[in-house]
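Every chain is named by a letter (A, B, C, D and E) in the order it is written, and numbering of its residues begins at 1.
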Amino acid sequence: MSSIELAGVAKHWGDAAALHAVDLRIASGSFCVLLGPSGCGKSTTLRIIAGLEIPSTGKVIIDGQDVTGLPPAKRGIAMVFQNYALFPHLSVADNITFGLSVRGMPAAEQAMRLGQTAELLGLGALLQRKPSQLSGGQQQRVALGRALVAQAKVCLMDEPLSNLDAQLRQEMRRELRDLQRQLGLTVVYVTHDQTEAMSMADQVVLLNKGRVEQAGTPRELYARPASTFAARFIGTPPMNLVALDSGRIAGSDVVVGVGGASLGVRPESIAIGTDGIPAVVQDVEYLGADMVLRCAIGSETLLVRADGQRHCEAGERVGLRWADADAHAFDGDGRRIA
Amino acid sequence: MTSGSHPSRQAVHAWLMLLPALVLLVAFTHWPAVSTLVDSFFSTPKGARPSVWAGLENYEVMAGDPVFWKAVRNNLAFAAATIPFSIGLALAMALWVNERIAGRAFLRMAYFTPTVLPMIAVANIWLFFYTPQYGLLEQITGALGLPSHNWLGSPATALGAVTVVAIWKEAGFFMIFYLAALQTMNPSLREAAAIEGASRWYFFRRVQWPLLMPTTLFVLVNAFINAFRMVDHLFVLTRGGPDNASTLLLYHLYEVGFSFWDTGYAAAITVVLIVVLAGIALFQFFVLDKKTHYQ
Amino acid sequence: MKPHRLTYNEPGWLDTLAAWVLALLWILPLAYAVWTAFHPAEFSTRFALAAPLTLDNFARAWAAAPFARYFLNTTLLVGMILAVQLVLATLAAFAFARYDFRGKNVAFALVLVQLMIMPDILLVENYKSMARLGLVDTLVAIGLPYFASAFAIFLLRQTFMGIPKELDEAARVEGASALQTLWRVYVPLARPVYTAFALVSVSFHWNNFLWPLIITNSVNARPLTVGLQVFSSVDQGVDWSVITAATLMTSAPLLIAFLLFQRQFVQSFMRAGIK
Amino acid sequence: QVPVEVQFYYPVAVGGPIAKTIDGFAEGFMKENPGIKVTPIYAGTYQETIVKALTAHKSGTPPVTSVLLSTDMFTLIDEDAVVPFDNFIKTDDDKAWLAGFYKAFMMNSQTGGKTWGIPFQRSTVVMYWNKEAFKEAGLDPNKPPTNWAELKDAATKLTKKDASGKVTQWGVQIPSSGFPYWLFQTLTTPNDAILANDAGTQVKFDDPKVIDALQTWVDLGKAGIHPPGVVEWGTTPKDFFERKAAIIYTTTGNLTNIKANAKFDFGVGMIPGNKRKGSPTGGGNFYIFKKSTPAQQEAAFKFAKWVTQPERAAQWSMDTGYVAVSQAAYDTPTLKKYGADFPPALVARDQLPVSVAEFSTHDNQRVTKALNDGLQAALTGTKTPAQAMKDSQQEADRILRSYK
Amino acid sequence: MSSIELAGVAKHWGDAAALHAVDLRIASGSFCVLLGPSGCGKSTTLRIIAGLEIPSTGKVIIDGQDVTGLPPAKRGIAMVFQNYALFPHLSVADNITFGLSVRGMPAAEQAMRLGQTAELLGLGALLQRKPSQLSGGQQQRVALGRALVAQAKVCLMDEPLSNLDAQLRQEMRRELRDLQRQLGLTVVYVTHDQTEAMSMADQVVLLNKGRVEQAGTPRELYARPASTFAARFIGTPPMNLVALDSGRIAGSDVVVGVGGASLGVRPESIAIGTDGIPAVVQDVEYLGADMVLRCAIGSETLLVRADGQRHCEAGERVGLRWADADAHAFDGDGRRIA
């Protein structure tokens, strides 16, 4: 069992700072998802945990032991690299079993584990190929396989499913989650896919510009975003943030029941009908199961998620409504109020 | 070329790119080489006696020339020692100075000195190292209480002494190519291997070594050829002596060509040398090239 | 203690020790040359700390030949040879590495054959050619037989073959012609190898001796080694003091150049930016 | 009128700014002979010079004249590269000039009644001994050994060993790398053996006197008073300076070097005799190449004659340490004074009357190699002297078969 | 304007076939999305259009001209590679302007276009960096920039947004779509993200094992999947396919109004309540805005999408209902019936 702790970890490259004093605690056997916009420092965090980068300041503690100076090999981790880092001259099979043969595992057991992993990832027919003969998604699965086969106590995954189709992805998520539970792995998982973050994580860590913006369970992040950044980042389409002008929606005389500088409402919390706050549909985006309407109130616009089967046209006048519990208030700095 | 354009146009482009180099190669290498081949079937012209068709006579002379065979034997021993040692050392050196080792710039320069220093001068310095009584080697062995030895002057050690100099020179030379190749290697592979817990040795064996194959192929072919064409230091160190104990093929060829001025015979040796070398080197190349992973 | 560097890709102390031992062995001749050149002759075989320093050996060596002119010639010579070699070899290597055409293997074999042919063997023939071209006693004549370097072609071919195809493809999709791709993608990516070749080629031609001696007559066309050779004649026995002084004098530019250029051997991240 | 151009290749075999002296000669000559332009071209060592000259010759553009080893005479004749000087000897003055060279030097310059080379930078082998070492060994520092018995005796006394029995100073050292045959002649000549006939078509390696001479050399080593194995020529003077060898045999060309570097009093003497005295000559001659115009050849001849005039020969001798090529040179005031100030400079001259030609035959290098291999085989103990010389003889006979 | 047509294009590597005789027509100025599971041949198709691979058989026709043998440089295309293929030795700026400078565009114009593109992609601060100094998503944006800056008539994009966070992705989609419309580009776009496919495409081409499974507008594919493969592939969670046993749901006595071997119903088309077809909730997956229930009917299970705010527990008994129009019938080979 392996817990992971980052204490005041920062990372600079010359002037450029990728991480500013990050503090983080990942419980042993939990599934932690790192989330955040592109370039916010997710991979860097992962690489520091792995021991591939040395933090400029701060400590990395795994299982209570300070491992900041320890080489990766001694940390008992497995990793899926964002860029795969497959060995180009080795076959898929050899890539996957690389770590096993490093540890001198008997060939028979290697073969067995390879078989299992390959089946899990649907790579059975490709074991003799070289990475250059694989499709992008297949390469990614090999990278995943290499990390999974080791069954290391800590598994770091950097967008391991980003190049897979939705279906396979769905399957993989389930398999990963099962595996993690079954083996009691501590997983640190980077993804930009919110559904993934929401459905898999025990803990979501939201990074922004090298700082931890919010850390908590998926529900917490969704239900009580700590800042406008968190509010906008989680949820597709994102939470609507409406500027308030002394309690009214800016540019209108609609009074809302909260104070602060802005009001947040999730598109899916808004019911669309004929009554409620009057708004004008400006734009319709069709998404299959549902559709997203852009509606204007005063000088502000709100996105509203509606059933995909419903018919709606730009220019239509509609009424919007949401429950008080679904309204979030933020102050001028974007921090949550209360 | 993977992509599109018409095969024959491709070929034209390729030949155009080769043309300048090939023209010069033909003019200054192949053409003279062919004339050497022709010469080898003629007797050596000597003043009043013009050269006449001699058929295989020069080759027969070679077959019966004990110095030639001695040189062949010496050269095989020389090659057997220089090729593996110089490649092995070059690789070790390159691996070291590729990494953040203490004093890297100095180490790089130290290993590269054999290539920078002119061989004539260097051979004289080695001569001092090997000199009996007060040579460097003697000063060291003397300090250790070992008996004095005439390294270059006794048949048992002359070839070995010459071989050491060759290894010294070659290893530093090849090091630079391995170093360059290592620098183009993808650093994430090292990271992946580090994560998997691979030791440096394991990483070398399973990843670096196979990925260095293009360079190794290059180095191997060159080491092999150099083993048969490195002679500069012989001129100063032993001149093939004592009693041909350290004669190598090319040195023998020089003697025949530029001391004896027996151009016909020299041509015959040249032809045999080139044909054998080319045969083996091209075989090495075309066999290993297929097995080499390039990207 | 706080680590500042990644330990996983660093050599351990055992490696460091071995590397240094080997380096000290390797540099011994140079170290000896430095010792001897800066001390009077009687210390050329005795290593006493108290030995007096002198620049006499350098003065003697400098006076023995028109070294200033030779330096100029040699610099021009190696510059010219290197430039032509790089251009020709780059083109040829590219053709071998990235084109499929009939006769490719034969052409490559023909190139490789040059590696086996010792240039000295072709002395007489090449002298004749130069005489016919009216080039005897010129720098061009020294360089001409070396312009097409099989060594460079082979080396660059190996390197080009290792350059990720993805980059070639990207360049072509962007509309680059073959030559543009070569110049803007292959050549910069092969930089460490170009550096290696440049160092080796310059060293070789800086020190090459017999052909330049034979094909040139006048001070205006002769390289350094011809001047250096004055000291290597052993009729009077080896005078290590002056040989080493002359050697250091002529090799110093190369050593300095190496120290400067060895920095070019930096990780080229050839596959960065490719997933 | 266009001046006649004379390309002149010369080797440099001794250290120092020789090129400047040569350039000075050329300038001096041109001043006196405005119709001729001499271009001196430094061509490396002797070996490199002949490679350069013959390469140029084979391409049809040889130099007009060149200084090459006297022993290359047969090679050059065989290659049909040179012309004899006899064509140019027309006046009495020319004849007197030719007759003025030491006989010993002319032996390597003439064959078949023709003169092919003109002695220029010539040398001979002499003996150097360390006077201090002589004193320490209880020998008279001013009485060097003059025959083999004395040599052996002195060498035995001069050989010093340290506590562990390791030799720290050899009694005598005769180098045997590179061109052992030449040093070997310092043993065969006193043993009254001549290795080759004048025509260069016949050698006598298996002559008992030759084998005996070789046996003597080998025995010096076996007796532990001469270094074992093949002794490097290049380091021999250094061995002498370092007092690792008390007596050495080497060329007179080394005199300047030894004078400058020996930190002890040393002597220079004639090679010890046995049945007779004697030593081989060595060094280089002027040759004139055939593929040049008669005018050029004539000019080259003039130059050779001009350079070997007594004053120039004297200066050359002092500059290089080589033996001056004629008695007249030694009679010039400058050289006389030099000899008086530094008597060892005259030893070589004094030895000339008993000196013999340096070993040379047709297909010279090949025959020489046969001899060298035999000598080294005997010296390193892989063959007995008799066997070694027999093998060498056989090989030489085979090579020379076609020249009879 | 550039239309693209593939006529009988197949591609083999030795024994392995990546494409079997694909026929495809992409109208000029349209946005075509290639969709399909990992390894189905999407990238291969794109690379064949680009001229990076030569088809084993068949022809590529761009704008009515057979370009099968034409080198990529002559096809007037731009491309985002799945693996980015950035030039590691060039700065971000030089990477982006590579194509422009190759074509000898004046420096001033290059700078202008670079500025625009960098701003669009949020790369302004990184222009002097080398690819090795960028995060994964930043690299991907550079790759995108390199393709966009050229404004080539045909733009091929291979999962150009796969490594971006949801928000940026959303923005990028909009920008790409705008740009495409504005410049009248013909875009062929590979993605594994259905939302992307649905919201951006004029035409979706669904590939399966190297064959075109279905091609049509997003609505067509969603509303009338041509096969069970298409039915399951599009939509997250995918359409439920229930085996029928002579008109009844297998293992139960629930009669459904359609024939055929299987019945398809989308999870979002199923209403959950207390009446309707009785089912048992087996499992609940929470996804933020909504949740997915796995419900059992007889021996079959169905996924049902429900509002995320609703409370539901495994073991609960519920009633399911769907409209007749939402039921799809497929025959034994998986082909749609009528």
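A few points about this structure:
Please note the rule applied: a contact is a pair of C-beta atoms (placed from the backbone, for glycine too) under 8 Å apart; a residue touches a chain by one contact, two chains touch by 3 or more.
What you are looking at is a predicted structure, and each value in this text was computed from that prediction instead of being measured.
Chain-level centrality, scored on Cα centres against the all-protein Cα centre, points to C. Among the remaining chains, the Cα-based centre furthest from that of chain E is the centre of D.
Chain A and chain C have Cα centroids separated by 53 Å.
Centres computed as Cα averages put chain A at a distance of 21 Å from chain E. For the pair chain C and chain E, the distance between mean C-alpha positions equals 54 Å. One inter-chain figure worth recording: chain B and chain D are separated by 36 Å, centre to centre, where each centre is the mean of the chain's CA atoms.
In chain C, the positions touching at least two other chains are 5, 8, 44-45, 124, 164, 169, 172, 189, 229, 231-232, 234, 238, 240, 268-272, 274-275. Touching two or more other chains at once are residues 52, 71-72, 82-83, 134, 136 of chain E. Residue positions 2-3, 124, 127-128, 131, 134, 186, 188, 194, 236, 295 of chain B each touch two or more of the other chains. Those residues of chain E that touch chain A in the shared complex are 13, 16, 35-39, 42-44, 82-83, 133-138, 140-141, 158-159, 162-170, 192-195, 198-199, 218-219, 222, 232-238, 266, 268, 285-290, 305, 308.
Across the complex, chain D is touched by residues 46-48, 67, 124, 127-128, 131-134, 142, 145, 147-148, 150, 152-155, 236, 238-239, 241-245, 255, 258-262 of chain B.
For chain C in complex with chain D, the residues that touch the partner chain are 41-42, 44-45, 63-65, 123-124, 127-128, 131, 136, 210, 213-214, 217-218, 226, 229-240, 242.
The touching residues of chain C, when paired with chain E in their complex, are 164, 166-167, 169-177, 180, 184-185, 188-189, 191, 268-275. If you check the complex, the residues on chain A that touch chain B are 50-52, 71-74, 77-79, 81, 83, 85-90, 98-99, 102-103, 132, 146, 150.
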